[in-house]
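Both complexes shown next keep chain A, but they swap its partner, so chain B is in the first and chain C is in the second.
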Partner chain A sequence: MNGRRDAGRLRVLSTSAASISITLFGLILVTFLIGRVMPIDPVVAVAGDHAPPDVVARIRSELGLDRPLAVQFLIYLRHLAVGDLGRSVMTSHAVTADILQYFPPTFELATSAIILAVLVGVPAGVLAASRPGSRFDHLVRAVSLAGQSVPVFVLGLLFLLILYVKLGWLPGSGQVGITYEGVVPPITRMLVVDAALTGHWGAFWSALSHLVQPALVLALFSLAYITRMTRAFMFEALGSEYVITARAKGVPEWLVLWRHAFGNVSVGLVTVIALAYASLLEGAVLTETVFSWPGLGLYLTTSLLNADMNAVLGATMVIGCIYIGLNLLADFAYRLLDPRVR
Partner chain B sequence: MSDGAKPLAGARARLSWHEWLLDEEPSSRRQTVWGEFYRKCRRFAANRLAMGGLIAVLLLVVLSLLAPVLAPYDPHAQALASRLAPPSAAHWLGTDELGRDLLSRLLYGGRITLGMVVAVVVLVAPFGLLVGCVAGYLGGLTDRILMRLTDIFLAFPRLILALAFVAALKPGIGSAVIAIALTSWPPYARLARADTLTIRDADFIAAVRLAGASAGRIILRHIVPLALSSVIVRVSLDMAGIIITAAGLGFLGMGAQPPASEWGTMIATSRDYILEQWWVPAAPGIAIFVAAFAFNLLGDGLRDVLDPKAR
Partner chain C sequence: MQLEIEDLHIGFPGPRGFAPAVRGVSFAMGAEKLGIVGESGSGKSLTARAILRLTPPNAVLRAKRLRFDDIDVLSASPRALGAIRGRRAGLILQDPKFALNPVMTAGEQVAEPLRLHKGLSRRAARAAAVEMLAQVRINDPAAVAHRYPHELSGGMGQRVMIAMMLAGDPELLIADEATSALDATVQAEILRLIEDLVSRRGMGLILISHDLPLVSHFCDRVLVMYAGRVVEAVPAAELRKSRHPYTQGLLLCPPSLMRPRARLPVLARQPDWAEVA
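So, the complex of A and B:
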């Protein structure tokens, strides 16, 4: 019995591993093809407009661009296997090194945002579901619909206008005040963490106050989704028979709500939160641009404006991989935690 | 049919439209179809938020269509002497950094935004529907290939794939539409496939197949119409997302290019004035919010009426 279940699980694992590798392969192929259809000739980008024809031809063969497309793709794959994403024209560093540098701030931002969103969104959704039709419920519904309708960059500008320009409570853009620029030695490259680890408390507070605004904006970006899903899950759970049973037994209402209903809902919520976390990557691109937050999103948009295709494609692929990874994590969490799927 | 039905139709003619439509025993196919449609409209009209959304959307469409008539100024006419003017009787919403009238630009911007939304939907919905129905009906290898392709496109965050596409194609409204379309079709295909799988083995499909209908005819005439309503719901919910993505591309300089008065582009070019002349970026920001909110309300209401699962 146990053996058969293990075999079943193994089969599920191997099919999902196969489908993931196909998806990953597709991701690589799509980014590769995007890089080849672009109107800007990469040779011109390296050699300049007025390079003599023999130089152009030499660079073309050095870059491997005179080979058939399939061969080029194989070369691309081989480079990828050793983590080589090419060189960025803009920073003149290897794209991989750039990404390693710009990813931690994005991670710091997205993680703070998801924590904020969960802390607010989940209780709001639970309370709304426990009193359907109440004023609070309507408020939650209206706010989350409105939240879905505001572009994240408009929200960012609004925050800047109110909290920075009008009230002056929080600093404007950037990751840390100018006086603390470069003071903290990079360890994790997450400035708040590094400053705390090395005991630079002035820099710590400066970095934290710079983090608040973009984190709040990003949190609001996923708050609507998390609240709505929590409400929907809880609403369904509260109408189920085990909740009626618990109530009939005289279990206190808060216990019914948080233990019986929420306990069963939480597995589904893990999936929702992982998906929301993944979609934060998208919000991060716009938020980082508004707040000049030195993360992967800002790197992507500045590379875009400079037509730095290696950097664009590298960042796109890394973000795509993280996205797939988080989706996968959501799927596995669901399978591991929910006894019905096991 | 026509002779026998005539006296009946004469008797029915005395009924009001309302009664004819709500008749519990419809006497013709036409009456059934219109009656069902009428019931759905009534159910939709009872939802005040959804009606608000519908009215706002219609208003947006009318305002955009009539922009050349309604706009007090040419949206591209610069008047550097009166740049960054606050709202006044001459310029209801003020002027931007080149002295262009903001109201006129917003009205013309609505044309761009709604035009992009329509273009994306026209490209995406039929394509996704067809891919999903073909994959679901044919099954087997076709299904596996098409769905794997769908998964690949779903694996990217929407805005980021769109950005990469636009960068490769060259920024502009056309590229933005293509990029958004390329990233929007997979959910439609998934949806249509799921619907097709539930219909595929129905008896009436088997009957049509035995009558000798080809796969193409079965898909186009019998499966697509039934998968349509969930696609329509998805379209109406998607429109707000398309507006926001289009504005995001414009804001990042990858969508409509200045001097086009696309709302996201307008915010991008005027964001530096947020410290002193905050109304300049605020006007298009509010416009995006109102448009997206209206479509969200409309979509929410349509889902309640059309989605068979939500009934």
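So, the complex of A and C:
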């Protein structure tokens, strides 16, 4: 029987590998095409508005833009294969190096947010489903509806207004207080983690207090979704026959809830949470802008505003890859965790 | 074990007013085999589930008396209910495909009541669960204990259900159409298994079915339900002599495992059977 399960796993792996390569190729192609059809002239971005025509022509051929589109794509692919995403005009660094610098703070922010959202959203959804129609249920439903319909930047500005401007409880934007800037040697480039690792406790607390607000705003974004899905899944599970069986066996209600109903729901929730995590990366673009969080989202918006095409395409590509990766992980986790499909 | 039900009413509040489903059912039973028959929607399942207070959450229950020995089921605390469910009375549902937890192995599901009601350790419960699976005559119980419900046939799934419900050594077993979802040959096997286990353990049995000839074959006494009422309660041996036209209809009409036939007659109904006699 174990042999059968292993064979199943192998099959899952190979179909996943096939689907991921197709999706990845699609992502690369679309990103490349967007880069070519954008009404932004990369030559102007490099040379400036008033460059003489011969300079423009020289740069154009240096960038390979005078070659046919298919050839350009092949060159793009060759560079991609060695991790070369070109050079950013704005920072004058390699885009790959920029991304390595800006991604960790985004990862830190999104991960804190998803942990918050899961810790609050899952129990809230489970309890709401266990008492349908109760006051708690109505509260949960109202809050998650509101959380789903209010845009992130509105929430972010509201938080800043209340917690920073009015109450002064939390620091404003940025990743750490000015006095601690550049104090912590970069290890993982996640400031809270690095400060803890190197024992810079002053910087640690400053960084943590800076993390709270954007993480909360971002968490609210997926909290609504996670709570709503948990409630819906649990509500369905609690109406099923095996729950009646469990009760008939004399299983106490909290175990019926968490072992029998939640045990069936958790598989689907892994998928929901992975997708929510992926969409947090999207949400991070806006949140980082509001809170001047030095992450990939801020990097992306800044490069977009500066017509820095290599940077925009590189960041888009990375976000796309992470999105695909998380989807794959969700799918994979589902097939490994559910005895019916493994 | 003594079960007493007097004037049980179950209804559902709905958009078009209150809909009664069970309307004044009364019966008492000890360690005997009681059959409940009646057409679909006559209130058999609701009546049976009320004994364990497992009716749907929106159901409204009312009764002059609903007692399991000295426990008043309607006012029982969750703890007192826990002392009945699985420990003193078990319930077997129709289709193991839905009634077994899809993400727990058969062994885990049988071990659960053993841990709850007998206080066994995880390891002891696992061993005792395999023993229970052997008692319901599953071949190679140690291997089946590791299987998930989707890896079991319907008959095997129902055996696992029976093992699970007998694990707490209850005094009453309620089988709510426990064989209707199975193939005819498997049906007979499972029924014989239930009857055998119940007789050997000296338990009470409530056997719910559409199939009156079958029920009368396995039970001592039969309740015939129609539109939420018991229209007739007769010893199984005297069923043939029954005067009630509805019972006569049930005896003659449906295809029975006990008496297969090619053409099916139609069941007659009259509104006044639903009224109090």
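Quick notes
By our rule, the second predicted complex is superposed on the first by the 322 of 342 C-alpha atoms of A that agree within 3 Å, B and C clash if a C-alpha of one lies under 4 Å from a C-alpha of the other, contacts with A are read in each partner's own complex, and residues count from 1 in each chain.
Methods note: contacts are C-beta pairs under 8 Å (C-beta built on N, C-alpha and C of every residue); 3 or more make two chains touch, one makes a residue touch a chain.
Predicted model only: the values in this text are computed from it and were never measured.
When both complexes are overlaid on chain A, the residue A:316 reaches chain B alone and has no touch with chain C. Once the two complexes are overlaid on the shared chain, A:260 sits against chain C while remaining clear of chain B. Once the two complexes are overlaid on the shared chain, A:149 sits against chain B while remaining clear of chain C. Once chain A of one complex is fitted onto chain A of the other, the partner contacts of A:328 are absent, as it touches neither chain B nor chain C. More chain A residues lie in contact with B than with the other chain of the pair chain B and chain C. Contacts of A:51 after superposition: neither chain B nor chain C is touched.
Shared-chain residue A:278: touches chain B; no touch with chain C.
Chain A residues in contact with chain B (one complex) as well as with chain C (other complex) do not exist.
Interface residues of chain A, counted against chain C in their complex, comprise 1, 240-242, 244-253, 260, 263-264, 267, 338-340. The part of chain C that touches chain A in the complex is made up of residues 49, 52, 54, 78, 82-87, 90-91, 93, 95, 98-104, 112-113, 116-117, 146, 148, 150, 161, 164-165, 167-168. Looking at the complex, you find that chain B touches chain A at residues 148-149, 151-153, 155-161, 163-165, 167-170, 240, 244, 247-248, 251-254, 264, 267, 271, 274-275, 278, 281-282, 285, 288-289, 292-293, 296-297, 300.
Listing the residues of chain A that touch chain B in their complex gives 19, 22-23, 26-27, 30-31, 34-35, 37-39, 145-146, 148-154, 157-158, 160-161, 165, 278-279, 281-282, 285-286, 289-290, 300-301, 304-305, 307, 309, 312-313, 316, 319-320, 323-324, 327.
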